[in-house]
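By letter and in written order, the chains are A, B and C; residue numbering begins at 1 in each of them.
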Amino acid sequence: MTNLKKRKITNIFFLTISTLTAFLGLFWLVMILGDLFIQGASSINWKLFVDDFAPPGFGDGGLRPAFVGQLIIVSTAFIIGIPIGLLGGTFIAEYGRNSKTAKLISTLSDLAGSIPSIVVGTFIYAVIVRTTGHFSAFSGSLALALIMIPVMLKTTENMLNLVPWQLREAAFALGAPYYKVIFQIVYKSASVGLLTGAVLSVARIAGETAPLLFTSLNNTFFSLNITKPMASLTVTIYRYAMGPYNDWHKLAWAGSFVITVFILLATLISRFIVNRRYKN
Amino acid sequence: MKSAKNNSFELKNKTTLYLTAASAYIIPLILILMLAVLIYESIPALKKFGLIGFMISTTWNPVKNVFGGASAVYGTVVVTSLALIFAAPTAVGIAVFITQICPKQLKSSFSTAIELLASIPSIIYGMWGLFVLAPIMSSHIEPFLQKTLGKLPFVGLVFKGTPIGIDLLTASTILSIMTIPFIASVARDSFELTPKNLIESAYGIGATKWEVIKDIVLPYSKIGVYGGIILGLGRAVGETMAVAFVLGNNHKIVLSLFGTSSTIPTTLANEFTEADSDIYISSLFYLALILFVSSFILLSTAKYFSSRSKK
Amino acid sequence: MNDKHILKVEHLNFYYSSKQVLFDINMNIEKNMTTALIGPSGCGKTTFLRCFNRMHDLYKNNRYEGKIIYNGENILTMRDSINLRSKIGMVFQSPTPFPMSVFDNVAYGLRLNGIKNKAELTDRVENALMKAALWDEVKDRLNTTASGLSGGQQQRLVIARALAVEPDILLFDEPTSALDPIATAKIEELMVELKKITTIIVVTHNMQQAARISDFTAFFYLGKLVEMGKTDEFFTRPKNRQTENYISGRFG
């Protein structure tokens, strides 16, 4: 009897601890997002998006160059990274299906996707910034693209694997060549998954700072030239948050708020869509 | 007619094959190129300070152009191990909660909430750490630790110094929060692999929920959980921004957790654009190489564990 | 050569890498008739069916030996499998509608063959849907996506898609195994109709189905053709002991 009692108490004790850890995790999430929303939302106004940087101490500036720069750098990364990831994933799931090489590349791609992003930055610095002789928005995009490719590759591989093999055979049986089967049948069947994969890849890189520190660098002026250094939202947040001025801190919170809301929404919406589409 | 059409099919098919294969082969190509470039750039530092000599020297002096990576390596090891010590038990607890305790209807929302922690950009963690966590640490938590654990012999040594909140402890705390979702999601997936009939037969002979978890679920998914922890380690080792805000970029080996320090990634982030001599930048590349190799080894190990746990 | 026979299989062997799965198959397929292939699972009947449109080419290390003569040519050594597949169509176990509209599904094979003329496409799609006994059910929804159709309708859509390119031969791989009895009855009825315009080879695990719809039945066991004959004689007076055991339900 006492033994049973002891076991029951132990049971409740550990289940409580496990529940507490779960709430600890939730607590951190709520605390971080809460602070971000309180500090960030209160600093949001239209000037943030239309005004250029103000000189230190003069307050009242906006983050327009950073927003535009972020958009340019991320879109360029998208244009480079998504097609490569998509095609690479297609090779692994289609032409290379079941081959040892494809499996190896798929594994290597997972590893490549987890390489510290700052290392990617140093690599691009050595290969692009050094050779061209100057920092540029384009080199930043390239660094982000390298981070993006493995993400898109993996999603493509998974999504194409979900398309029933028989569907491809049905197309082959009508005399369709493989490339038409891929572009007309397989991609179309997996379109929702591929689209959300692309969105998730963007969400993955949109908040990256480290790989931009010594590639796209920074720019105190508004610039649209991708061969020159360019301000990005994330590097600007870093610079402003580490700076000594209160106005800067406010702007950093506001920028962080915008970028986090964007990333969380993109993540949540794509997860919701994928869950609904592939529930069965 | 027919054969012309089929020839064009064949040509387009070949083109598609080569295009997709080339895209896939970019992955190993970049990995090899990255390793090669980092090694090449590290050569001057390797020659001057030595492969091992660099790693055991604590001097980091840009003025005299003498560099050793020991302090950054030390900082990285301390911050990531502490982070893992905080994160691993929490993450496993969370995975247990999600798979065994949480009501079914809440399961997926809860999983999503924990995974959201992973999608918050690291710069947000860093900023939150600087503006919110560091003041709390310096005014409440660290003085409390000094008053309690700090009084103990030996253990007290790691709680010495003025608690300013910009230190190893704060950095590890933030890093642990960031690492939790990675470990938790791998652990959760491994727990889910435990065969239902094993769990049911344990309940069948009168085991309590905790006994089922401890004696069936955990042993069964052990390898997967280890893989998750190593994955977390691999992720934590390379984390830059979250740590850069709250570590103070100090190139000294300090014993106290209330001391400022630096890790490999934060050193790169802070000094790469300032490096004004070839040997300085080469030393930084050597640090990047160490980081690349160690994270690659950790992540491959994690991958190996996860492939074994699925069998 | 007897021109009643549209296909002549001669000494066919087939290997998955080093493992032989078909052994010296000899068989004639009669034009405008239905031939059913039966046998326990793993007997090679589906493998055999997939030789006719060279489906095995899609995978590495598969090897054929022997001949399948079609129009005086050996299918197994033809260079152009793509052209072959528009003459020998195939319908699979579960319905395989492509992710596009009903119309585009049926037009898919036609477009592959280079037919672009809108009027001709419309004409032939309508024709194929009629032959597949689906026209009345879908004529008002040709532009909606095919995945909205019921399972039985989807299977008839797939048959219409195969018919649209006017194949000489249609291969069916257990075409009703994923369908309910009512949809199955409709497909069977349709298959009997289709004999007028094409030749059918069907793999089925259901002996009653073979008896209902086929003119000839072939029994496979362990990769060998054990017995083949006219369906009514095959089921009433089997010549071989193994066949007799199988159709009387003693194994398989």
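In this text, contacts are C-beta pairs under 8 Å (C-beta built on N, C-alpha and C of every residue); 3 or more make two chains touch, one makes a residue touch a chain.
The structure displayed is predicted, hence computed values, not measured ones.
Interface comparison, A-C versus A-B: the higher number of contacting C-beta pairs is recorded for A-B. Central chain by Cα centroid: A, whose mean Cα position is closest to the mean of all protein Cα atoms.
Each chain's centre was taken as the mean of its CA atoms, and the one lying most distant from chain B is C. The mean-CA centres of chain B and chain C are about 55 angstrom from one another, to the nearest whole unit. The geometric centre of chain A is 48 Å away from that of chain C, both derived from CA atoms.
Separating the CA-averaged centres of chain A and chain B is a span of 17 Å. Multi-chain contact residues of chain A (touching two or more other chains): 177, 180. Touching two or more other chains at once are residues 9 of chain B. Multi-chain contact residues of chain C (touching two or more other chains) are listed as 82-83. Listing the residues of chain B that touch chain C in their complex gives 2-3, 5-6, 9. Against chain C, the residues of chain A that register as touching in their complex are 164, 166-167, 169-177, 180, 184-185, 188-189, 191. Touching chain B in their complex are the following residues of chain C: 80, 82-83, 114. Touching chain B in their complex are the following residues of chain A: 7-8, 10-11, 13-15, 17-22, 24-26, 28-29, 31-33, 35-36, 39, 83-92, 94-96, 102, 104-105, 107-112, 114-123, 125-127, 146, 149-150, 153, 177-180, 182-183, 203, 206-210, 213-214, 217, 234, 237-238, 241-242, 249, 252-253, 256, 259-260, 263-264, 267-268, 271, 275. Interface residues of chain C, counted against chain A in their complex, comprise 53, 55, 58, 82-86, 89-90, 92-94, 96, 98-100, 108-109, 112-113, 158, 161-162, 165, 171.
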